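Look for chain A in each of the two complexes below; its partner is chain B in the first and chain C in the second.
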Partner chain A sequence: MVLEVKQPRPMWEILFSTHHTDIGLLYVYLSVTALIIGGALAMAIRVELFVPGPGTLIPDSNTFHRIFTVHGTNMLFLWLIPFASGIGNYLIPIMVRYKDMAWPKLNAVAFWMIPVGAALVWLGFADTTWNAYPPYSIIRAPGPAAEMWIFGLKILGISSVLGAINFVVTILKMKHPDLPLMKTSLFVWSTLVTSIMIIVAIPTFAAALIMLYTDRLGVSGFFNPAMGGDPIAYQHLFWFTFHPEVYIFLIPAVGMLYEIIPKFSRKPIFSYQSGVAAFVLLALVGFASWAHHMYSTGMSFTEKTVFMVGTLAAVPASAMHVFNWIATMWGGRIKFAAPMSWGVGGIVLFFYAGAGGIVNTAMPLDFLTHDSYWVVGHFHLFVAGMVTMAFIGFIHYMFPFITGRMYNERAAMVSFWLFFAGLSIVFLTQHILGLYGQPRRVYDYVPVQPLIIMNQIASVGGWMAGVGAAVFIYNMITSAFKGKPAKMNDPFAIGEQYYDYARREPHH
Partner chain B sequence: MVPHSAIILFLIPVVAVFLLGVDSAFAQQSTHNYIIHRIEIWALFYRLMVVAFVIGAVVMGSIAYVVWRFRESHPKNRGDITPARAGGAQH
Partner chain C sequence: MGHATIEWIYIGVVIAVLVYVGADAWNVERLLDVSNAPAEAEVVKVTGQQWLWTFEHEDGKKEISELHLVKGKPYRFEVTSIDVIHAFNMPDFATLIDAVPGRINTVWLVPDQSGEYLIQCREYCGFSHYQMRAKLIVEEPTGGSNVTKAAAEIPSKGVTAVSS
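Coming up: the complex of A and B.
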């Protein structure tokens, strides 16, 4: 089997390559595979919740917990982060005009750690939830699944940090001397900011994972109340990493939209400087808002106010991006090919998610929505709505560069509308479900009519999105082998120079 | 030198958010018992939702207008001339 089209090469040559586009290809393949299997788990969850009562598809609550734990872990750490790394691998050396990443072998090592971490997560199939909150995760969660989850996350974290160091050094030290940082693409800025955030955020969780593991072994009691430990301390360590991590998911998607929107609007970016400023602001406030996930843990009014204001500070930065995109499109001549359609759909869902997020942020209101389906809807509008739609849009944009062929535009638009409509239905309905009081992470729910109807609407929406994703995958696979050869100078006929195709040829 | 466009893009959401944020930050202090507390929180929720829907309608309306008016296939947009092509640097 060959993966290349213009210059076919055997698969083993790509697997053992250290060239940045080969590593990028491996990242993209792995992450899209994770999207498919994580999506299949989501479909199973929606089948189970279609009617109240146990056993619709999933036999017991423990299996249900395992499924949504692996769904969450898989989507966040095996789809979103590796995909952003894959596109970064493809484009960062090209955009900073360097021959490769700064350390190509380290780059390959960082990638090959991911399948190992993924295997641990998948084979363990833990039931801790992706938060792994103690005391459950240290006292009751069955082993060795929980241990495998801990080690899997540990390996994935190290991989992320190695990749991030490589990106930072490539951008800051290997950039062409004639290319000022303020003249690089906003995608370069997004990767730089994300990488710095990873380097700052991940070590805290890495420490928490070790503490969690030693607590499980019984040799320490950091988070075990029976040994004088404090489970809330774990939540602080966890969210100090994982609130910034939300922006680590988001910012690469924003950077990709800054590539797509000006090109398909046939206009320069409205304000490059505000895009850079908003990236930096988002990175800063991302570290000033972690405890808004913990309002119900008994924090003081003053603490909650500080974190509420810190969280609200993210809204102007996010809104700056949205206004920047609208202003860029204004007055342009927009070609709604698949990348642009997926991108604009992502912006719409980003706005929905942000509006719901303000309710979570306001601490009195957070008590209404905390741990309810509102939070599920809100979070998924971000990661499945905004980030995944932007990523899929960018896969379409990169498709000619990756394969040398064009995808089927009609199938791409069908998949877009199914996915966009399905996501809107499932996740907006889940907001209302939350207001009706349905807790998140439940295997069963009270069999009353409003909950049944809304769960069924949500399930139908979820399946619609699933069908859309299936059409997208089918389109990508068939087009990779049978698509029309792309005109590599300007495959989308938008009058813009496309990425330099010759850069895909390995030179070492 | 930060351009005016960047300052304006920053100030609009800052003002909008902090007008909302200050109000909701002190909602808890004015409650005296559980019942009033619940009522005030729901009242705040509905007020915030009204504001969110108004802002949402404006932003979504803007996106819908931009998508409709500046699409390639719009009758006024079918020529080869791209309106803003001449100005600004392409990053």
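Coming up: the complex of A and C.
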């Protein structure tokens, strides 16, 4: 499977292409660029919090708020979602044995909406936080930044819905007739389930964004208590989209691990059926837990109980995936090449994140952890730990197939250990910071010894992860130009079959 | 496949742990629910605004950025906001509730330790969110409070030694 590198092609040919691998490549470039920018913002945050007192690096609190808002928005909507779409673009048509995505032009349109949305988010530099809770976001947040954020998210939402429709149709209608759905790769299942979740979840937030915008204009008062609105209604709409969205970030990473782990363990997947069942279960139950983000808004005991049960019900599905991976690795001849190492590191952090999540959803404990640094540590273990590490592992895995060259294995392992150790230090420490009561989204903290020390440990961990990510990027760029030519039929020397149905259709 | 048994055992163990966590959480939260607040609890009205806290006691006494409570006495906090959402948080007493404009949220507490503690805002609310703090001062009960009154009513034999 040589996807790209037959010969170097002029940039414009890739930019104006509607071929699925070209669009996949554009998605990957864009999302990795977003990862670099978002990572730089995170480094700035950790410098600011290294010592107590304002103005360590960032001159005022408003700039700080803008930085963490754009860091969050950027990482979720410009790194995680586009990257999953990019890999889906590469692999889904190949895995379902079709010549391209179902609608190649729609595919290109969906991609090219992202730079527009990205420009709005980056140039606006809003300070609303990525949740943009009203009334702050409608009566106090400075414009035009907040308007640009709203329109940016609107465009990114439409783009991901278009992409999701394309994936669903490609998988269900364009699949080769000889290939039953239950024989497709689990990555196909993960993309299918994710896409259906996007189509179901995003419209709610799309509506909420419009309401937010008209509220900002002052022509409506959906969420403005001064006009009889209810700010908590926004939180329901928001989390009805964004709790499932957590699984939308997660499930593609799970699908990628189902590609990596059996290959590098040189064993078949322990249980294909259980993987499919867990995907479907997670997609269904994932919609039953959104208000666990809102216990402290004054919900009644009954409501809290309902959403706690809904949240706990989603845990067995995730636990089934972890079991499946461990059982696949068990007794296998594992080769800890870079893709496998990144993936297994992600699974370790996924376990910590899940354990922390159970603490969060237990109602009395949530009042200790909610809106504290605990939560920051918790969800970063998911999105930066599990999902990002699986994604970076998959970049290493795809690298020879895309470039025809091999990355530097030693540099890849150095970047893995720095990133993994750094993430563990920063985010596990942040859990403890939260238990000490440090709220999230603060420009400064009470200058007492335990908080200072733990913030400094967290910053050092954060910088370690930053250096690891920099080594990874450097490795990818230099190896793409100067790496050793890869042995295309088995670049990782593990004696496995990759995708034996090579692509023959010409670019169009 | 033939591997199903071990997976079912594993899922069973996971579910058992979850059921335990859920049941225990349900049980504790039920006791902490505001309907269980003591009837004689003093109502303190807490108002958040960008970027300070105002407290109004039952007797009409108002405090800004400082809250005086008495150890061992039950309190009901009626929390609201006049502009954006804040969150009323006393981390040392594990008390947290959002201050939402247009709503009154209630939370109760019996402070069990005297001393000076932190009150802070835990929901992002703009420019000075990080500085939206107040001081919580929990005082030892003095002559007039419920606890000493109750102690005084107990027949004097055993109490005299304690009352210093």
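Here is the rule we go by: the second predicted complex is superposed on the first by the 496 of 508 C-alpha atoms of A that agree within 3 Å, B and C clash if a C-alpha of one lies under 4 Å from a C-alpha of the other, contacts with A are read in each partner's own complex, and residues count from 1 in each chain.
The criterion applied here is as follows: contacts are C-beta pairs under 8 Å (C-beta built on N, C-alpha and C of every residue); 3 or more make two chains touch, one makes a residue touch a chain.
None of the values given here were measured: they were computed from a predicted structure.
Q: Determine, for the superposed arrangement built on chain A, whether chain B and chain C clash or fit.
A: When both complexes are placed onto chain A, chain B and chain C end up clashing with one another.
Q: Contact-wise, after the overlay, does A:372 reach chain B, chain C, both or neither (first, second, both, neither)?
A: Second partner only.
Q: Does chain B (first) or chain C (second) touch A:185, or do both, or does neither?
A: It touches chain B, and chain C stays clear.
Q: Just chain B (first), just chain C (second), both, or neither: which does A:231 touch?
A: A:231: touches chain C, not chain B.
Q: A:316 contacts which: chain B (first), chain C (second), both, neither?
A: After superposing on A, A:316 lies in contact with both chain B and chain C.
Q: Could you say whether A:441 touches chain B, chain C, both of them, or neither, answering first, second, both or neither?
A: After superposition on chain A, A:441 lies in contact with chain C alone.
Q: On the A-aligned overlay, A:334 touches which partner chain: chain B = first, chain C = second, or both, or neither?
A: first
Q: Quick one: classify A:15 as touching chain B (first), chain C (second), both or neither.
A: Neither: A:15 stays clear of chain B and chain C.
Q: Between chain B and chain C, whom does A:270 touch in the aligned arrangement: first, second, both, or neither?
A: both
Q: Taking the superposition on A as described, I'd like to know which of chain B and chain C A:65 touches: first, second, both or neither.
A: second
Q: Share the list of chain A residues that count as touching for chain B in one structure and for chain C in the other.
A: 270-271, 273-274, 301, 305, 308-309, 312, 315-316, 319-320, 323, 327, 358, 361-365, 367-368
Q: Spell out the residues on chain C that touch chain A in their complex, using ranges where they run on.
A: Going by the criterion above, the answer is residues 1, 3-4, 6-7, 10-11, 14-15, 18, 21-22, 24-26, 28-30, 32-33, 35, 50, 83-85, 87, 89, 91-92, 94-98, 100-103, 105-106, 118, 120-131, 133.
Q: Provide the residue numbers of chain A that touch chain B in the complex, in ascending order.
A: Spelled out, the residues of chain A in touch with chain B are 183-186, 262, 265-274, 277-278, 301, 305, 308-309, 312-313, 315-316, 318-320, 322-324, 326-327, 329-336, 344, 347-348, 351-352, 355, 358-359, 361-365, 367-368, 495.
Q: Quick one: in the complex, what on chain A touches chain C?
A: 61-62, 65, 127, 129, 133, 135-136, 139-141, 225-226, 230-232, 270-271, 273-274, 296-298, 301, 304-305, 308-309, 312, 315-316, 319-320, 323, 327, 358, 361-365, 367-368, 370-372, 436-437, 439-446
Q: Note which residues of chain B are touching chain A in the complex, please.
A: So the residues of chain B touching chain A come out as 2-3, 5-6, 9-10, 12-14, 16-18, 20-21, 24-25, 27-29, 40-42, 44-45, 48-49, 52, 55-56, 59-60, 62-63, 66-67, 70-72, 77, 82-85, 87-91.
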